[in-house]
């Protein structure tokens, strides 16, 4: 199985701070790859670079064979590269269902279509609504579908974000600390859904997490990032026994 | 030689004058931008208000000036500055502060400043009428004609009293501002708040005081600019209309949040204006026989009716090519 | 489309109707209908602003410029043709001047592409500046003699004698075109900068229209402009104006319908999402800048059409008559008061504010003349000679006060936006 994302010798500095330092990773297609590391290692920055929020200073980012280094996030979406946010970014004034319905590009988003081809717009809207209903049932939020997204709990918002990635044919989803602020029960729902999406729909996931249990349940392989570059990569057992990793997390006085 | 005098009068001196006016206005704008984080559209009308206060005081005490040997309006300037500063603080308290405490988006405060603009304009015109007034009641504008000691120069360099006062005052202000921002505690507090308001607040800086001081400085500088401009030309109620765009352009060109940038920006805009409406045909006239084209009577880049477009195009150019301005300010 | 309106809105509508009837009673029917027609034109303009501000959060402080462009188009396209000019050689010379302009634009576009040839920046920038300066002087000097001759011999080039609806349509298109150009440069920036930029654009447009005597007769103005319906001379004031009102009313109804379809469909949902959370919308594939530009252009198109309708109704194109107060700030008050993003609210705001504005002049004059009379009677106080013109400034003050008060106490307007959540 080839790699669907390749990061090649990427550098990114903010002012005098070199956040990403000659970093190279590969994400295998169809995998759920973990990305861990101490605070300040550059994990979210790496996500932002891959997801097109900003561009690296040097280096390349390859997505399924194509160079996407300078392509912005809204365009990457259309190529099947999606991401979620560390702090849930829901559309708080819209209902949960509408949060899902806004995702797929559809004919009705064009003004001309809205005015000149009402039948087609209505048809596609009905299809989108149906899909949204399917997704919201899949993620188990059917009972709150008409609730304003801003009123949902943190865990429900995270589930909704995951659901949004299901409204289109995603190929890779970058999950940025999706477990943060989520209670245990909903967390199990999240993990189950991620596994289902991976097995049934073939989604590749790159997961930033601090929750080691979740990483252990979900991810193989796991990449450890420290000070802007890859320290080591392997299965979760290998990582947990690696001395350099322990030192990076707990400092020199770990022993 | 006469052409050089013409150039000096119409570009150098004019540029210095209007540049100083824009600089003073722009400093106020940029300080308000950096501390309060919104574009204060009513600033040009604050300048008119300052001039109006000076005019009002001059009409009350017309003999004060001749007694000292300076224009009366200038003598009244400290008082006009105080009144304008007070007005600025009260406008903030009445109109902007409540919106800030509600946590509205900055653009809403900009809209409120539009409302304040209209209120100020209405009030000033109600009290002053709609025609232009001279700021000289019992005295006259001092005009100095400096003859150059060259044979070919039979036209004098013209410098007026208000212009001299303005430039001298500007130098004083620049030094005072520099000392204030770098040496005093309040000045450093202002710089801290400009960088990071939350951090400043938790470091024990009284943000309310800083805000008040910002308005006092902005209001005082606005009064100086408005008064001296009106002394040099005349007090027109629609003064603000011609000032608003240039002072904003100056602040953005200089880099928002940098007072020195605003000063530089003011002169950039001022000189750009005078250079673009200058009739270059006059300079080329002595060489007209050597030119390959017919020298037209008027060879200005921009005719004077379109003068207002100059700051705007400079603004557009800066926004496109270097939005952070000359001194790398915030793009906000 | 008109669902059952709740209590508050109904009361406000009734109050408005009463105010309008009062106006008609006091000032006469012909005057009253005239006010309604002008208010309807302002309503179209206000609808343009309400979608820019309410839907995309864009602070357009240059409404006046787009309104003026609309008026200009109405004039240029509908005013009778100046035959003698077109038959003279000056028309050819004018054509040459325009050719120079287009050539210059093409050259500038070409020069701006120099970066593709990997010409380094330090050389590119001076070249671009020099080319711009030279071409600018070349074009301006091409127009100067022609425009002067036109003015001295023919007054101005006249119009194209086309039907009125063409003038209105082109008004929208021209305003939209300028909006496209300006939007590309300014929309990516923060809203304060957009406000300043649009303010500048409006002033430039007005300066251009005011000083291009060969095109617009400048301060000499152009009149009369033809009407889409029979004029007062044929059917009397009331009838003519009522017919005009029916035209603008139909126009408003069409705009309402189109906007309603857009708001309540996927497009509206997408715009609400962008307004709600721009970061997330971008991550979900929405091109935020392009959508903002789309709304900006649409809004300006409406402003152009409204401006054209207004100019045609007044029958005169006067560049000096476009004032920021009347054509920018008044519209802002209409939108803020009515509720940004709410079409019905904006319509209410437009009629309400315009009626108040129009009535404020005679009311203010009455009050001030009474003060002047009583002051003289009781205190022997002599009012200054320009008392009335000064006193009218009270209107300006009041408008400013309304803006600040509404922002403080009813920031969502009197008719907050209502969105249907599909259940």
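Residue numbering begins at 1 within each chain, and the chains themselves are lettered A, B and C in the order written.
Note that a residue touches a chain if its C-beta (ideal position, glycine included) is under 8 Å from a C-beta of that chain, and two chains touch if they have at least 3 such contacts.
These figures come from a predicted structure and were not determined experimentally.
Ranked by how close its mean Cα position lies to the mean of all protein Cα atoms, the top chain is C. Comparing the centres of all chains, each the average of its CA atoms, the largest separation from subunit A belongs to B. For the pair subunit A and subunit C, the distance between C-alpha centroids works out to 45 Å.
In whole angstrom, the spacing between the mean C-alpha positions of subunit B and subunit C is 30. Averaging C-alpha coordinates per chain places the centre of subunit A 51 Å away from that of subunit B.
The set of subunit A residues that touch two or more partner chains is empty.
Not a single residue in subunit C touches at least two other chains. Those residues of subunit C whose C-beta lies close enough to touch subunit B in the complex are 57, 59, 61, 133, 136-137, 141, 185-186, 189-193, 195-197, 199-201, 203-204, 207-208, 210-211, 325, 329, 332, 336, 384, 386, 389-391, 393-404, 407-408, 411.
Every residue of subunit B that touches subunit C in the complex is listed here, in rising order: 38-39, 41, 95, 98-99, 102, 104-108, 110-112, 114-123, 125-131, 244-245, 248-249, 252, 296, 301, 303, 305-306, 308-309, 311-312, 315-316, 319-320, 323, 331-332.
Residues of subunit C touching subunit A in their complex: 258, 261-262, 265-267, 269-270, 272-273, 276-277, 279-288, 294, 298, 421-423. Those residues of subunit A that touch subunit C in the shared complex are 51, 72-75, 77-78, 82-83, 85, 89-95, 97-98, 101-103, 105-111, 114-115, 118, 121, 124-125, 128-129, 146, 164, 168.
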